[in-house]
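Structures are listed in the sections that come next.
Consider the two complexes below, in which subunit A is the common component and subunit B and subunit C are the respective partners.
On to the complex of A and B.
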C-alpha cells in the first residue's frame, strides 16, 4: 500500500516538474541517448517528466543544432527502400550469407498493411504466433510497432525490420545509411546505432515476456545493414548489443526509481515553460535557467551529439571552469578535482591539496614539472 | 503555313474536348497528359502565328512522351513482368525495355485515379491498373497489378513477395536484352538469387539466372499457390467488383473518407 502511495507521489511530482507544458513522447533515438550519459541528473529528471528539452533549450537561448538534416533523412529513407525493395530481396540475400537463413524462409509480413491504430496490436499478434508456432509462422516483419514503458509513460518504437527464424530466434534489423568502408565504419555512428537497436531489443523482449514467452528468444546480436564502400550496395554485420542493453536497463530502472532524485529537490521547483495558447513559452528565461541550475548536470563533450540541452550545460560548465569540459577521460583522471583552476593551482603548488587529493596533486605537480622541462 | 495552323486548331479543339471528357469521368491521369499535349499544341500555334519557329528542343521528346501515356507505360511494364511489382521496379523495366519516361513520383496517384474512373463507369476501359490484395483483402502498400490478371496472381500471401520477385527476375532475364540499362537491372536482381551469378563482376548469364530463379521458385511454389488460392477464394466470396480490383477499405481509410 505504502509502495503504491509512493509511486503515486512520484508521478505527481514529475507532473509538477513538467507543469502545463504538453508531454514530449519518447522515440528510440531519445531513449538511446539516455544510455549515452547515465550519470546526468538533469537529463534523468527532464526525461522522466517527459519535458520537451528542445523547446526548453530554445527558450533559454541555447538552441542545439540538433536532429537530422533533411538530406540525411532522405538519404536514409532511400537506402532503406533499396534494402527492402521487392520483398526485402537484398535483405534476404544478406541474411542467407550472414546467418545461413534457409532458402525456404522468405515469408514477409508488412505490419503497416493494417491501419495505423491497429499496428501495435497486429505486431503483438504476429510475434505471439511466431513465438508459439515456431516453424511456418513468418520470417520478416516489416514496419512493426513496439512499445516500451518509460517512467510510467508508453513510448512507441518502430524498428526497421524484425527477422525471425534464424535458429528460432528473433533478430532486430537496423538499416543505417552511413558507409562501411573497407570493413570499417565510423565508431560513433556504430555506437549510436547499437544503442538504438538495444532499445528495440529491450522492447521486443518485454513484449515476449508479456505474452508469456522466453524473452531470450530475442537475440542480443542485431543485424546492422549499411552501404558498403562507396557504392550503394548494402552489407550486413552482426553487432553484439549486450553492453548497451545493460546500460539501458540500468538507466530505465533508474528513471522509474526517480524517488531518490526527487526527494532532494526543493518542493517549488518546476521546469514548466508556461506555454500560452499558441504554445509559445511565457516563463521568464532567468527563472527557468535558475530552476535548471538547481539540478546537477554532468556535462561531457559527447553531450553535443546526444542532448538538446548541450549548449546550456556547456555554458554552465564554462562559467564554472569545470573539468568536465575537457572530456570524460580527463574528468575521470582528475577525480575529486572539480574545476580547471583548482587543477592548475594544485599543479603549480599555489594551492594545498585537500584531504584525499594528495595523490592527484602529486601527479599534477609531476606533469607540470615535465612540462616546464620540455619548454625550457 | 495556314494548313498547319488549321491542323493545329483542329487538334487543340480535340484536345480540349478530351480534357473536358476526362475531367467529367474524373480520370486525372488522362486529363493531365491531355493537358500537357494541349499546352504544347497551343505553344506551337502561338509560335506559328507570330512567325517564330517552335523551339527545337521540344521536338525530339514530343513524339515519345506524348503518345504513350504514363498509364500505358505502366501497363507495358507490368505485362512484361507478369507479377505484382513495386513502382520502382516498373519504372526500371519501362526505362530498360521501352525507353520509358515515367518517374515513380508520378505513379503515386495513379491507382486512385484508376479507382475513381472505374467507379464512375465500371469496366469502361480494357484494363485497369489496380492494387494487390493482402491477407486482409485490403490493398497492399506500394504494389501495382493489372485487372486482366486472374485473382490468384493479384493477391499476396506471406511468400508472394519473394515468388513475385523471382517471377519478375525470370521475365527480365528472358528478354535477353543487350541494352545497358537492362543488363544493370538484371545484375541487380541476379545478385539476390542464390546461384544466379558465378561470383564475377561481369553481367550474369540470363539462362543461368532463369534456372536459379526457377530452382528457388520450386521451393516456395506449393505453399504460395495454396495461400493464394485460398485468398482468391475469399476475395471472390466477400468482395464486390470495385473492391476486388482496388481492395477492401480498411478501418482507417473509412474514417478518412468520412472526415472528408
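On to the complex of A and C.
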C-alpha cells in the first residue's frame, strides 16, 4: 500500500483493526469532518484504521441519512466547469479584482495533464520551483494533488481547488455552488467550506515545510468562489480559516497519538468487515456491533450531520438512556449528570446526590416541584 | 433552554411522550390561516419546484414547476401562487378600525390580518429568498412578468422579515411553535423534523418519522433519494402529469401534518398578551398595505446603517417584552424565573392593607403583604416587583428570608384612604411576584435616516430598483 509508513507499533495495530477490509481513502471532506467530534474515541479509531464508516453503518443496519441529490451534483459540476472554463478565465478575472493583481499576464498550469500517478510528484516539483524562485507572476495550479498524513497513513487530496501563487504567497481557491445573495450566504455552508479549505491549507503548508520553505507562504485567507444572487455569475470572497486550522491540527495530533487509545484496546478487537470478492461485508452483524460497542463513543446530536455512524451511536445512546441524546445544551445544563434515570432520580428525590452533585440535585428537585405545581 | 425545559425533555424521553412546557398558547392562531408548503430544487438557492397551499384543509392548491430549470415556468408558477396568496392577503385590508394616536394623525388598522403558516424555519428562509428573487421584477421591458409577481415578492419579503420579529404571528413556523409549547425527548436539531416532533407530541416517537419514504421531508429541500429515483426520471420523461403527481406524494403528507399541528395548537387556550401582540401585527400589516397602495418602491436589497440599527433595537425591545409577557401569561414560563430567583410565588399569610407612608397631603397608601414561599428568593430589598395577578400594580420588596417575603404595594393603589376591594391580596390567596417588568427604556436616540453619519455610509439612498434588478438572471 503506497504511502503507508511501516514505523511504530500502532500502525500495525491499526492494520489489524482493519483486517482484510480495504483502506478507505480520506478526502478533504472526510478529514474536515474528523474535527467535528474530537472527543470520540470510536471515530478516531475507525478513521485511524481507515475503515469505511458508511459501509460499516449500512452493514450494521443503520445506514447514514446522508445523500446528495443528483440536481445538486449537476449544479455543482456545472458551476465549477463555468469558473474553470477557458483556462480559468473567469477565475482570473475575479482574482485580479480581489487580490489586486498587478500583472496582466497570469500563467495557468493544469497539473492533471501529467497523468494521475505522477500528479503528486509533479505538484511537489512545481510548488517547489515556484517557492524557490519566488516568482512574482501569478500562477494558477489546477488539479494539484496534495497529501496529508492521517495517523500514519498518507491521504491524497484531489481538490477541485486551485493553488494560486502571487508575490511568493499561495492561496487556496475553493469553488462551491451555494449562492451568495446580497452579500450573504448560508453560514453553515460557509463554515463547511472553510473547514474543507483548511485541510488544503494545512496540506500545502506541510508540503512547503517538507521542501524546506516557509510554510507561512500559504495564506490563511482562502478564496471562496460562489455564484452570486440567483444567476450563475461567480463571485470571490476571502475567508480567514485560522480557527478551522487550529481545530484541524489539534485533531490530527490526536489521531497520531492514538497509541494510548490503542493500548487500552483488547487484543482481539477488530473492525474488519470481511468483504467477499464483490466487496460485500460478510462479518456477522452482531459481532461487528459488539466490536464497535467495545470502543467508547461520544454521541451528540451534531453527529447526525457529521458522522456516518450516527444512527448506530444514537441507538446505543437510547439503550443506555444517555442524556447526550438531548443535546449538549441539556447535558451542560445537567452539570454532567450523564444518565436520564439518574437525573430524574435526583429530580424526584428517589436518588441521593453523589459528591459534587448537591447543587444540580437541589436545582432539579426545585424544577420538579415547580413543574408539578404548575401542571396540576 | 432552561433547566425546566431540560427536565421536561428528560421526562419526555423517559415516558416516551412529549411534555408540556406551556399552559397557554403564546401566539395568535388565525380563524382562517393560510398553510404554505414550498419545495425547491436541490442545489439551487431559490428555484421553486412546487408548493401546496391553501386555507381550506380539504382543498389544497398544488402548483408545480414542471421544468424546474425553465425560467418562464418559474414566473408562471409564481403568478399561480400569487393567484391564491394575494386575494387572501388583500381580503384583510378592507375591514379596519380607526386608531387615535397622541402627537400623530389617527390611522386605519385592519381588524384582522393574514397568517401564513410554513412548516419550519427553512420554509421562512425560502420565502424570504423567493421574495427577494421576485420583488424587483418588471412588468415591462425585455423580461416582463405578470404584475402579480413583483407584488407577491414584496409581500413574501414582508412576511419573512416579520417572522424574525419576536412575538409576531404573521408567519409562524409549525415546528417552532410546537417546540415552544412541548418538550420532546429528542434534541432541538431533531425537532426541526415536523413529522418527528408531531410524533413525540401525539403518539410517541417512531423511526417512521425519519423514513423519507413514509414521511417525506417537510421542505423546502426534498429527499435526495426521491430526487434521484423519482423526480429526475419524471423530469426526463417531460410528462407534466408525472412530475406533478410525484411532487404531490411529497407534499400531501406534510399538508396533513400541518393541519394536525394547527389543531393541537388551537386546543391550547390563548395567552392573555397574545391579543396585544396581534394588534401590533395588525398595525404593521396595515402599514405595509398602505405602503404598497401608495406606490412605494420594493424593499431595498440591504438596510441602510440607521435603519438596520433601529431595527435591531426594535427587535431587542420586542424580544424583552415577549419574554416578560409570556412569563406573566403562563405560570409554567414564570416558573423558570422562580427557579433562578427572579420571581417567587406563595400564599399570603399576613397583610396590613391600610399601611401608609408620608404625612399630611403626601400621605400615601402603601399596603404591606407577607408571603410564605418555597422558592429561593435572590432579590435584594428595594427591588421593584410586578405581579401577573394584578398587572396594573407595582410593589417593592421590603425584606426576604426564611421562606417569608414582605413587600409593599407602591403603584396602582389609587387615592383613597383605604384600598379598593380586591386591590390588596387576601390572606390565603396564592400570588406571584417578579422583578421582570414590561417597562422598557424608549427607543435609543438614533439619528434620523437622512442624518446617517458618513462613517456608516452617509444618508441612505432611497431604493430605486433599476433595470438590472428587473432583469437579474434567475437561472
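Everything that follows uses one rule, which is that the second predicted complex is superposed on the first by the 334 of 376 C-alpha atoms of A that agree within 3 Å, B and C clash if a C-alpha of one lies under 4 Å from a C-alpha of the other, contacts with A are read in each partner's own complex, and residues count from 1 in each chain.
The working rule: a residue touches a chain if its C-beta (ideal position, glycine included) is under 8 Å from a C-beta of that chain, and two chains touch if they have at least 3 such contacts.
Bear in mind the structure is a predicted one, so any value in this text is a computation, not a measurement.
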Looking at A:65, would you say it contacts subunit B, subunit C, both, or neither? Reply first, second, both or neither.
second
In the overlay, answer first, second, both or neither for which of subunit B and subunit C A:85 touches.
first
With both structures superposed, pick whichever of subunit B and subunit C touches the larger number of subunit A residues.
C
Contact-wise, after the overlay, does A:334 reach subunit B, subunit C, both or neither (first, second, both, neither)?
second
Touching A:98 in the superposition: subunit B (first), subunit C (second), both, neither?
neither
Could you tell me if A:11 is touching subunit B, subunit C, both of them or neither one (first, second, both, neither)?
neither
For A:269, is the partner it touches subunit B (first), subunit C (second), both, or none of the two (neither)?
neither
Let me test your reading of the model: by the given contact rule, A:238 touches which partner, first (subunit B), second (subunit C), both or neither?
neither
Where on subunit A do the contacts with subunit B and the contacts with subunit C coincide?
none
Given the complex, residues on subunit C that touch subunit A span 1-4, 6-11, 13-14, 20, 23, 41-46, 68, 129, 132-133, 185-190, 210, 222-225, 227-228, 231-232, 301-302, 331-332, 335, 338-339, 374-376, 472-475
Quick one: in the complex, what on subunit A touches subunit C?
65, 67-76, 177-179, 181-183, 227, 229-233, 301-302, 304-305, 321, 323, 325-327, 329-330, 333-334, 340-341, 343-344, 347, 363-364, 366-371, 373-375
The subunit B residues in contact with subunit A across the complex are 85-86, 88-89, 134, 136, 138, 140-141, 158-162, 164-165, 168, 189, 191-192, 194, 216, 219-220, 250-253, 255
Seen from subunit A, its contact residues with subunit B in the complex are 81, 85-90, 92-93, 96, 103-104, 106-110, 112-118, 138
